[in-house]
Amino acid sequence: MNYLYDDMKEKLRDIIEDNTTIKGKIFGYSIQVLIILSLVAFTLETLPGNSESTIQALNTFELICILIFTVEYILRIVISKQPFKYIFSFYGLIDLLAILPFYLKGIVDLRALRAFRVFRALKLIRYNKALNRFHIAAKIVKEEMILFFIITSIFIFIASAGIYFFENKAQPELFTSILHSGWWAIATLTTVGYGDIYPITMGGKIFTFFILIIGVGVVTVPAGLVASALSKAREIERENDLKKASLSNKTSQE
Amino acid sequence: MNYLYDDMKEKLRDIIEDNTTIKGKIFGYSIQVLIILSLVAFTLETLPGNSESTIQALNTFELICILIFTVEYILRIVISKQPFKYIFSFYGLIDLLAILPFYLKGIVDLRALRAFRVFRALKLIRYNKALNRFHIAAKIVKEEMILFFIITSIFIFIASAGIYFFENKAQPELFTSILHSGWWAIATLTTVGYGDIYPITMGGKIFTFFILIIGVGVVTVPAGLVASALSKAREIERENDLKKASLSNKTSQE
Amino acid sequence: MNYLYDDMKEKLRDIIEDNTTIKGKIFGYSIQVLIILSLVAFTLETLPGNSESTIQALNTFELICILIFTVEYILRIVISKQPFKYIFSFYGLIDLLAILPFYLKGIVDLRALRAFRVFRALKLIRYNKALNRFHIAAKIVKEEMILFFIITSIFIFIASAGIYFFENKAQPELFTSILHSGWWAIATLTTVGYGDIYPITMGGKIFTFFILIIGVGVVTVPAGLVASALSKAREIERENDLKKASLSNKTSQE
Amino acid sequence: MNYLYDDMKEKLRDIIEDNTTIKGKIFGYSIQVLIILSLVAFTLETLPGNSESTIQALNTFELICILIFTVEYILRIVISKQPFKYIFSFYGLIDLLAILPFYLKGIVDLRALRAFRVFRALKLIRYNKALNRFHIAAKIVKEEMILFFIITSIFIFIASAGIYFFENKAQPELFTSILHSGWWAIATLTTVGYGDIYPITMGGKIFTFFILIIGVGVVTVPAGLVASALSKAREIERENDLKKASLSNKTSQE
């Protein structure tokens, strides 16, 4: 009987973990479609003026989704060769966070925890193979990204502290502290510029001028770095493919 | 007589389909100028306070344009070696959509269908050869673009759902549902920031901070990818040209 | 005497046209400083509440500047080997436009023509050698830039016409015609988003969503193309330098 | 005794100047943490509604920080082999500016000078090695950056002067002078667009259209240049590493 159980685990593994087989693909895409549908339901739920029947239908659908995701989560643990590795992996935690809030409803306050349901969206990335190139690119630019994150942080702090000294007296209710000025700094340096907070003194405007001339570049460069790293990753991928091809060619010629 | 008809078709093909002959070029550019003029007329038509005579003049010009475009459309079908392939091609459908609304005026409501006339603008791209490089670049970055589209979609959803939980209570008339918050998400992540909707709670502002730090890059990277793919496409083109040149050189030397 | 005149012309040419000699450099930088000072004076002139004496001082300085620029312009024509080529060159026209408004004061209305004085700013670029790399880069991306200009134009038109149909009924005073909607299109696609005009209908917002997802890339790609073309231009420059170096090396070895 | 003193200086140098030893790393990171904490304290200090005890605690912490930074500054001068080189170096001046305002409190007005404490944030960069690649990249794009800075300056001036002539009559309180219009120019060209100042005349809007079509690129290109220069710097670094590796390989083989 133990043999039968192992055999079934093997078969389930082919469906759930392996997405190269036909059965695995069907399973993978079904889960993806279900995730999208559950997110759509979640979005509709927040719309105002839903009728009684609509709310009931959405709740039922939510129940079915949670049930399927729970079964999927348990199966993934059972069939896994290293269950703990899966549980504490990035996707394992997301899988858990996607269902946990439902079970904690009774214990903790409902509204705050529902926010975690958003993470279900991240499960969508799970079944995508092309992500490999992104991992290579991430490795290439890792150091620069950290440095840019530090420089950006310093920059935002200098912008916040600077504008605070220029605008605090003129607009004390908006630029109340350096923390409050930070909201201006982030909205300005990312060039969003909502228009709810902006300098009105001549000093503050000239300060903004210099902050923007330097700062816009600081915020935009990382995107350029990622783009060029992705191009590099593509080249590395192609070179590896060529090497493999020439190797298998040599072997077959011998 | 059948022979004469085939001969005429061949001659028309030289004018309409082939844009390397002088006649073909004249025809091509005339159609382009007519498209631009019809778009200008379309724009003027929407201006308020047009006089009676202006409206009549614009209507007459519209009639002439539709007539010429209809003749062009029918000729393209008649002379084509594979009429159905043309009809269901991208440009074939645009050519049809550019004239169809006029003929459906009597049957369906006029205003809504006129919007399709906008697609006439896309006919402008038809006669341009340099687009080839764009097709190569599109092939290169296709996979990354799809992945980035998925990541951007997830990101917009997370941003919308997140800000909904932070701002819904403080500004229920603006952040009414996740769908309504989506309008904020798209205006913020693309850094447009109209200023009609923005977070006012401390939680919402801190959430926006993190969304912007990561999100601005996510939205800008694709543009960088397209730019580097176009550079790559230029290199491939040059290499192909060099290969051809060296090949023809060898042939002539032998 | 003719010989003396030619000799003087030759000497002046060394000062005015040649910016590799010491005298030429001094002349060049003096003119540049004068241009900047005249622009500063021009800016100060527009400030409200200038005292009588300030206005007089600025006017006197303006007179001196015009005098020097006029002498410079006449000298450039006189010493040039091909006077007409200079007069109708890009810099020749700017040099003329920078002084012309002053002499036309009496004849035509003053205010409108003063705008041309702005072009004096472009004279600043004249004396810069590093521009060469920009010319190479411009040649590399010329075709793509034209194509992107066409695509951007079509895109702006589609955006303007589309939003007009969605928003015209809801906000007739803002989205009055396709032309008026064009102001929204340009402010949105460049992500400036002043907040003076934005969609309020659900249809208009969804339309804006799609326009932004595609449009932001369309507007940002050209900048990426220019950046990568400048990198390419740098490589070409270095290769040329290496070729020259190896050539002169060979010659000296023989 | 002189020998003992020199020996102690040598030991201190290992801790303060050398960040490859364990002691040096501990010292370096401790200073970094202290800088961050002092900046946090500085931020908290500006918050409104601090209790008496909080203010006292923050002041005490400030005193301790200044004391430690002063000791560090004096030690750096004492142990340095070329004290004057350190004092007038970039980091030497920042180290001084970070403590100076405290000691000048009694003499000059306090509030304005405290802004210099922000520069302490720049000390954070001091202990980072990956900056090397940024220095290489900076060298590569130096010339282009200067040229772009000039072009951007000219562009901002033309935009300011142009919009002044279009909008001054319609909105004299906003576009008062070319200087005031400069605020519009910088907010528009960086695409921040707060919405506090924008053109309302048809001429001004059309002018903005052209300024934006060209200007957005001008402001975005430098970021792309920096990104591609950083990629280049990475390649140069790798090539140098390979050269060193092959050299040491040869040496060991011989």
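Going in written order, the chains are labelled A, B, C and D, and every chain counts its residues from 1.
Quick note on the criterion: contacts are C-beta pairs under 8 Å (C-beta built on N, C-alpha and C of every residue); 3 or more make two chains touch, one makes a residue touch a chain.
Remember, predicted model here, so these are calculated numbers, not experimental data.
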Fraction-based call for subunit C against subunit B, same above half, different below: different
Between subunit A and its twin subunit D, rotation from the CA superposition, multiple of 5 degrees: 90
Inter-centroid spacing, subunit C versus subunit B (mean Cα positions, whole Å): 30
Intercentroid distance (Cα basis), subunit D paired with subunit B, Å: 43
Residues of subunit C touching at least two other chains: 191-195, 220, 223-224, 227-228
Contacting residues of subunit B [partner subunit A, same complex]: 140, 143-144, 146-147, 150-151, 154, 157-158, 161-162, 164-165, 168, 176-179, 188, 191-195, 198, 205, 208-209, 212-213, 216-217, 220-221, 223-225, 227-229, 232
Subunit B contact footprint on subunit A (complex, rising order): 39, 42-43, 46-48, 111-112, 114-115, 117-118, 121-122, 124-125, 128, 130-131, 133-134, 152, 182-183, 186-187, 190-196, 219-220, 222-224, 226-228, 230-231, 234
Residue numbers on subunit B that touch subunit D, as the complex places them: 191, 193-195, 224, 227
